[in-house]
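First the structure, in the form of C-alpha cells, and then the observations on it.
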Amino acid sequence: MRTLDTRDVRDLPAVEAHGLETEPYYLPIGDEVEVFRAAYEARLPVLLKGPTGCGKTRFVEYMAYQIYRGSASESHAAVATPLITVACHEDLSSTDMVGRYLLVGDETVWIDGPLTRAVRSGAICYLDEVVEARKDTTVLIHALTDHRRILPIEKQGVILDAHEHFLLVLSYNPGYQSVLKDLKPSTRQRFVSLEFDYPPAEQEARIIAHESSVDDDMAADLAALGAKVRQLRQHGFEEGVSTRLLVYAGQLVARGISVHRACDVAISRAITDDVEVQRAVAEIVATIFP
Amino acid sequence: MRTLDTRDVRDLPAVEAHGLETEPYYLPIGDEVEVFRAAYEARLPVLLKGPTGCGKTRFVEYMAYQIYRGSASESHAAVATPLITVACHEDLSSTDMVGRYLLVGDETVWIDGPLTRAVRSGAICYLDEVVEARKDTTVLIHALTDHRRILPIEKQGVILDAHEHFLLVLSYNPGYQSVLKDLKPSTRQRFVSLEFDYPPAEQEARIIAHESSVDDDMAADLAALGAKVRQLRQHGFEEGVSTRLLVYAGQLVARGISVHRACDVAISRAITDDVEVQRAVAEIVATIFP
Amino acid sequence: MRTLDTRDVRDLPAVEAHGLETEPYYLPIGDEVEVFRAAYEARLPVLLKGPTGCGKTRFVEYMAYQIYRGSASESHAAVATPLITVACHEDLSSTDMVGRYLLVGDETVWIDGPLTRAVRSGAICYLDEVVEARKDTTVLIHALTDHRRILPIEKQGVILDAHEHFLLVLSYNPGYQSVLKDLKPSTRQRFVSLEFDYPPAEQEARIIAHESSVDDDMAADLAALGAKVRQLRQHGFEEGVSTRLLVYAGQLVARGISVHRACDVAISRAITDDVEVQRAVAEIVATIFP
Amino acid sequence: MRTLDTRDVRDLPAVEAHGLETEPYYLPIGDEVEVFRAAYEARLPVLLKGPTGCGKTRFVEYMAYQIYRGSASESHAAVATPLITVACHEDLSSTDMVGRYLLVGDETVWIDGPLTRAVRSGAICYLDEVVEARKDTTVLIHALTDHRRILPIEKQGVILDAHEHFLLVLSYNPGYQSVLKDLKPSTRQRFVSLEFDYPPAEQEARIIAHESSVDDDMAADLAALGAKVRQLRQHGFEEGVSTRLLVYAGQLVARGISVHRACDVAISRAITDDVEVQRAVAEIVATIFP
Amino acid sequence: MRTLDTRDVRDLPAVEAHGLETEPYYLPIGDEVEVFRAAYEARLPVLLKGPTGCGKTRFVEYMAYQIYRGSASESHAAVATPLITVACHEDLSSTDMVGRYLLVGDETVWIDGPLTRAVRSGAICYLDEVVEARKDTTVLIHALTDHRRILPIEKQGVILDAHEHFLLVLSYNPGYQSVLKDLKPSTRQRFVSLEFDYPPAEQEARIIAHESSVDDDMAADLAALGAKVRQLRQHGFEEGVSTRLLVYAGQLVARGISVHRACDVAISRAITDDVEVQRAVAEIVATIFP
Amino acid sequence: MRTLDTRDVRDLPAVEAHGLETEPYYLPIGDEVEVFRAAYEARLPVLLKGPTGCGKTRFVEYMAYQIYRGSASESHAAVATPLITVACHEDLSSTDMVGRYLLVGDETVWIDGPLTRAVRSGAICYLDEVVEARKDTTVLIHALTDHRRILPIEKQGVILDAHEHFLLVLSYNPGYQSVLKDLKPSTRQRFVSLEFDYPPAEQEARIIAHESSVDDDMAADLAALGAKVRQLRQHGFEEGVSTRLLVYAGQLVARGISVHRACDVAISRAITDDVEVQRAVAEIVATIFP
C-alpha cells in the first residue's frame, strides 16, 4: 500500500461504510428518535448539543442505521455509506472537507473530501464538535442548509446539488465552549436542535453491564457512582464523568483490578488533576463500595 | 468526475446559473423593490443590512430574476447567469474571488473566480456577509464601485472593464459585528444601503404557510410566536428568531411532532443555550399553544 | 482568455493606460494644482492626505492627464501609461508591487508588478491608502524617494534606475488610522504633503449637478445637506459624508425615488448604523426638504 | 545514505524497534504494572501523568517489553516493533503523525507516519507530552480511542482499522501545563489515568547505584538529597529534581569531581537560575555531605 | 528583460556598484570620518545611530567612496562594488540576505543574496534600520562580527570566509524603536557605535543651498527654521524635521511656490497630522519669514 | 559556485571543520575545564549559562580542540569536524537542524542538517542561545540526551544512533530571557550546568593585551574600566560590558583614536542608548584616564 498509482486513486473503495453492517447499540432516552426521523423526512439539518461522552456519536450512528438499513426504502438501501463522520479541529479547512487536487505521476487527479462524498452519495454527514473547525467551513454549511442545498466546489468551478438523501448533522458541547468559539446565529438558526444529557441511572446501568461484562449489581453501583460524581458539577466541578469511563471501570474490575483502584484510575484521576475533586470522588467511591 | 483533463477545465459549463429558472418566492415589505431597481438602473452598488434569516438572500435572488428574466431587455436575457453568490469568510482571499492558475497535465490554465465571472458576464455579484472576508477583498470592491468600474487581475497583468450589466451587492448584519470587523468608511460610502427586518406578522404567516404546509391558523400562531420572541431582544436577548426556524417548526408539526416539542427543538434550543431565555420562550409557547 | 501561453505574457498590452484618454473631471479648490506641478518638476514625491471620497483619486488622475497629455512635452506624451494606481491592502507584498516569476509551459517568465512598470516607463505610481500595505512595501518606497531613485528587484538581482518622468504619489486618511498603522517618520519625511477636504458648497453643487443630472436647485440643496451632515463630526460622529454619496442621492432622485427616501438609503443609512446619527441626519433632511 | 531512490523508501527497515532487544531497567513502585496490563488486555487507552524525569518513558518501555517480548503470546512476539514513541511539540501536525506523499524521482510514494505504523503493525504508540502537540492531532486520538478503533487517513482517502494489539498511551505533566494547553475533557475522558511521582528514597538509591557506579552509601546520600530538594516545592520552588540529575551527580563523582561541585553543576544550577533556591540547595548539600 | 534564461542569471552584472562613480556630497560634522576609518582598519563592525534623515546613509556612501575609490590601495580599487545596501523590513528573512535556489528552465541555479555578495567580494554591507529585520537575520550578523568572520550558507551546506575587505555596518534610530524591536545586547555589543544628529545650522545651510539652488540667505533661514522646529521636541513633539524636508522647501521656493506655502506642504504637514504642532510650526515660519 | 549539480551536493566537503586547526586562545577561570571533561567522559550533555560576550563560545571551541586534537585518542583524532555550532533563532526549525530533501536536476537528494552531521560523525554540537530556537527543536534534544541517544529523522523515516563521541552542548543567557522563552524543566533537567561570568580583572587584562596590541598598562586600565562598568548593574543597568568591547576600545587606541573617544564609541554608546548610563560610564572613563 506504500505506492499510489493513478488507478488506485480512481478505484478507492467506499471505505467510510465502516461500522454500520450491524445495528449499533443505543438505548433511546426520550423521543429523540422520533424527532430526528421527522427532521430527516423534512431534510431539516440537525444540531446535537450535550456534554462529553453522553452518546451523541452513537445516536447518529443508530439513526443512520435505522434510516438506511432498517427501513424498507430501496433508494436508502442503495446508499453504500450511510454515515460519514468528520471530527472537527482548528486546522480543518474547507479544502479538507471538500476535496483537493493531487499530483499522481504526471497526472492531476481530484479527490473528494468527506463532505463532498456525502453530498454526492446521499449520506448523512456528521460534523463532530463543529465549533472547533476553521471558520471557512461554516460557509460550506450555509449553502447546504437553506433552500438551495448546494455545495460550491470552488477549486473545480462547479456547484453540486445535494443528493436527495443527504443531511447535515452537527454536534457541539455548549458546556466548555468559549465565547470566541460559539456558533454564529446565522449558522445555528439553520438547525433543529436536540439536547442530550447523560442517561438516567437505570439505562446507564444496562449500558455498563452490556459493554463491560460486570454483573448487574456492579453495573448499578457504577451507574449510581456516575450520578453522584455528576452532582459535583453543582459544587464547581464543571465536567461530569462520561458513561465511557464508567464502562472502563467495569472492564478493569472484570479483569481483576479492585473496584477502588479501578475507580481511581478510570474515574477519579481520569476526569481531573485537582486533588480536591479527586478526594471528593474517592469519598463517593468509599460510600458506594464500602 | 474524479479526473480533470484540460478539456474539462476549458469547457466548464456556466454552473452558477443555479436556482433562477423559476421565480423565487419573495413577499415585498415596502418599497425595497423600487429602490433596488432605481439603484440598478444607475448601476449604484447596493448594501443590504439586516439580521439573520430575514430574507436578504431571497430578495437579491428575486431582484436578479426580475431584472434578467422578468423584463423585456434582450441583452439582460442573454446573460446566462444572472446572480453569482459568494458566501464570505475570513479565509476568502482576493485570489479566491478573482481566479487562479491551475496546473493541468503539463499546461497552465487560468480559472476565473466568481467575481471575475460576474464582471465578465454582466451578472449581479452578491457578497454575502462581506465583513467576514479578508481585507484584501475590499480592495477589489473599490475599483469596481467608483467611476472606473474596473477589476484589476494582477496575476494576469490585465485590467478588466466591467460588463455594462454588472452590479455589486453586499450584505452584512450590523447586529453582531465586532468593531474589528466593521466596514471601513471608505468602503461603505460606495453603496446605497437598504435596511431589512423580519416581515410583519401577516406576511410572515403567509410565508410559513407557503413553505411548511401547515394550515393558516397554525401559521398565524407561529408568526405571532416569532413576533413575541423577537421582543425578548429588548430584555437582553440580542438575536431574534429567523423566519426559517418558524418554518422548521411548522414542518415538524406537519410530520406529527407535537407543537410544544416542535417549538422546543426548532425555536427555543435552536436560538440559544441560555436556560433563562429558553424558559422565557417556553412560556410564550405555552401562552400561544395552551 | 482562459489559457495563457508564453507569447501572451510577453506581449501583454499596456493595460493600465485605462481612463486617461479624456480629461478627468476635477474642480480645483485652491492652489493644489500649482503645488503638485512644482513638486513634480522637482520630482519631489507627494503625499495626499484627506477623508474618504473627497477627491484625492480624481486629483491625481487630473494631474497625470495635465502633465502627460495636456502639456507640449513630447517625452511625456510618449509615455503610454501616465498613471498606475495600486489600491493597498494588508496582504499586498513587495512581490505584488515589484513582480514575480511565472511558470508558463516549461518556461519561466518574469512579469513586472505595477510599481516596476511605473519605474520603467516613467509613469506616476499612485499608492492609494498606503498605510494598509504590508511593511515590506515601505522599503521599496525609500530607495525611490531619496537621491538614489532606484528600485532594487531582489528576485532578479538587478537594481533599476527610475525613468526620469517617474514620480511616487501616496494617499492616506489620517482620520481613521490606528496608531499601529501610522506612517513611520522615516517614510513620511520623504514626501511633500497636500491636505484635502470636502469641496466648498458651491463647488460641490456643481459636481453633483454634473454627475447626477439633477437640476441646480436640487444640487445646491444636496450640497447644503452634505455640509450640515459634516458638521455632525463636531458632535461625535467621526466620518462625514462623501461627495459620492450626495451624487448617489441625486441619481436616485433623477430616477424617481422621493428625495426623502433617496437621502435615507444613499446618505443616512450609508454612513452609519447608529440610530441616533441616522435620526440626526433625518432631521437635517426634513429641514432642507420640508 | 545521502541519496534516496524509490527502492530505499519502499524497503525502509522497521527502524523503530530500537531499544527493546533487552529488558529495560525499571523498578515498579506500586501496582502500576498490574493496572497497565489489565488496561492493555481490555485495550483501554492509558494516560501517564507525572513530573519531569520520574520514569514515565521507562515504564512504557518496560511494559512494551513485558507484553511483546516477555509473554508467551506468539502473535505479540511477531510484532517487530513493540513501541513507537512520538515526542510531541507544537509544530507536530497530524500529517507528521499519519504520513505524507513524497516525490521520489518522478514517482509519488506514500510514507507512513509513526502513528500509522503503530496502528498497522499492532505496536503501542506512545505520545510523550501530548498537550504540546497541535490540536489537530487530538482528533486522530478520538477515533482510535472509542469503540471504532479506526485511523482515517484523509490524504489517501482510506480508513484503517487498528491492529488488534495496538494501544495508544499518552503522557503529560499536570504540574507546568498552562490553562491553554490542557487536555480537553472530550479527550481525557477516553483514557485510564496512572499517576507517577518520583520513586521512594530506597528505590531511588538503587537506581542511582545501578546507573552511576557509585557505592551504596553515596547513592543513598544522593537519594536523600533528592528527597530534601523536592520538599523545597512546598516553599515556592515548583519543580523538583529528577532522578536523572541525581544519577548525573553520581557519574561526575565517579569521575573524580568533588561531591560538592558535582551537586552544584548537576543539581543546583541545573534545576534553577534563582540564586535563593541555589543557596537553599547548597545548604542541603552541606548538611548531607559535611 | 522579461524572460530569464540560465545564461542571464549566471552573467548578472555587478549592478550594486550604483552611485559611487562620483564622490558623494557629505559634510563631516566632527571626527566621525577618522573614527570610522580606524574601525575599518581594525575591521571592527560599526553601528550608526541617529534620527531620520540626518545623513547616515550619505555618510556610509561617503566612507565607502573614500576607502575604495579615494585611497591608493590597489586591492580596494579592485572591488567592483564598494557598498551594498539592504533596507531592512520585517519580512526580510535570512534567505533574502544570503541567497536562494531558482528554477531556471530545468536547471536549478543559486543566486547570492546581497549579504553573500558583500562577504564574497569584499564590500561594505550596510543594513539600514536593522531592527526592522526578522530575528533570524541577526544570527547571520553574529558569526560575521566575531573572530570567526564567517557566513554559514545553510542551503548550500557551505561556510564562507569573509573577504579581507568586508565590513558590516548597521544603522538604527533609537528614538522611535519600541522595546520589542530593540537590538539584543548579544548583538549590539559587537559594534563600535557612532551617534549622529542633525547638522549644525551653518553646515545645514550649506547643504540646503547646494541641493535646492536657493540663495544663501534663504538657505540660512530654512536652516534656522529647522533648528527651531527641532526644539519642539522638548515640548512633546518627538520627531524633528529632516534636512531632506528643508531641501524640499527650498526646491519648491525655487520653482515659484511662496515660502509660506512651501514650508506648509514640505515641513508642517509633512512631519505631523497634529494640528497643534502644525500651528506651532506655522508660527515659527511666520517669525522667520515675516 | 553559482550552479549546483548533483555531484556537488554529494561531495560537499566537511566545511564545518572551520577554526580548529590551531588551538583557540582561552584562559580558564576555575575548574570549568575539568568539569566539562568529566561530563564529556560520561557523555553528559552540558549547558553553559552566562552573560553576553563572557567567553562561552571560546570555551566550547577550546574544549573541542582539547578533546579531539590535543588528546592521544585516535578515534577522536579521526573525527574531521570536532565542533558544529548552530546559532539559534526563532525561525530555526527542526528541519533546519536535521536536514531536508533538495531537488537537484530531476533527482531528489537529502542534505544533512548540522545536528545530523554531528550525530553521525561524532562531533560536539553546540546550540548557541538555544531558547531562541523554535520549540520543535527541543524535541530533538530530548531523545539525544537520555539513555536512548537517538535522533529520529522523520522525513527519512529512520532513527539514527548517535556516534559514541557525540555530545550536545547548549548555551543560554539567564539575564535577559523572558518568561516565555525559558527552558522547560523537562529540557533543562537533562544537562550538567556550568555558569560563566566575565573574567577577573587580571585575566581580562591579559586577554585585552593579547587581542588588541595595546601595552600592559592600557590593558589593565581597560580591564579596570570593564569591572567598574559592570558594577553599574547594581544601579539598574542590566547589561555589563563584554570583554570584546574592551578589546575594541584597545584596538581603536592602537590605531590612534584618543582613549576617551575610543571608550565613547566602543563602550559607552555601544552598550546603551540611555544618556544617564552613558554619562555614568563617561565619569568612570574620566576617573581611570584623567
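First chain written, first letter: the chains are A, B, C, D, E and F, and each begins at residue 1.
Just so we're on the same page, contacts are C-beta pairs under 8 Å (C-beta built on N, C-alpha and C of every residue); 3 or more make two chains touch, one makes a residue touch a chain.
Since this is a predicted model, take the numbers as computed values, not measurements.
Touching chain C and chain F together: E.
Chain A and chain D touch with mostly distinct residues; of the residue numbers seen at this interface, under half occur in both copies.
Placing every chain at the mean of its C-alpha atoms, the farthest one from chain C is found to be D. In the Cα superposition of chain B onto chain E, the rotation angle, rounded to steps of 5, is 120 degrees. Distance from the chain A centre to the chain C centre is 53 Å, each centre being the mean of its Cα atoms.
Chain centres here are Cα averages; for chain A and chain E they lie 61 Å apart. Chain C and chain E have CA centres that are 30 Å apart. Residues of chain E found to touch two or more other chains are 9, 106, 111-112. Taken as a graph of touching chains, this assembly forms a single closed ring in which every chain touches exactly two others. Traced around the ring of touching chains, beginning at chain B and stepping first to chain C, the chains run B, C, E, F, D, A. On the chain D side of its complex with chain A, the touching residues are 9-10, 31, 34-35, 38-39, 41-42, 44, 47, 49, 93-94, 101, 106-112, 134-136, 138-139, 142-143, 146, 148, 150, 154, 156-159, 161, 174, 184-186, 188-195. By the touch criterion stated above, chain B contacts chain A in their complex at residues 1-4, 9, 12, 15-16, 18-19, 52-53, 57, 87-92, 96, 102-106, 111-114, 128-129, 132, 173, 176, 239, 241-242, 244-245, 248, 251-252, 254-257, 261, 265-266, 269-271, 273.
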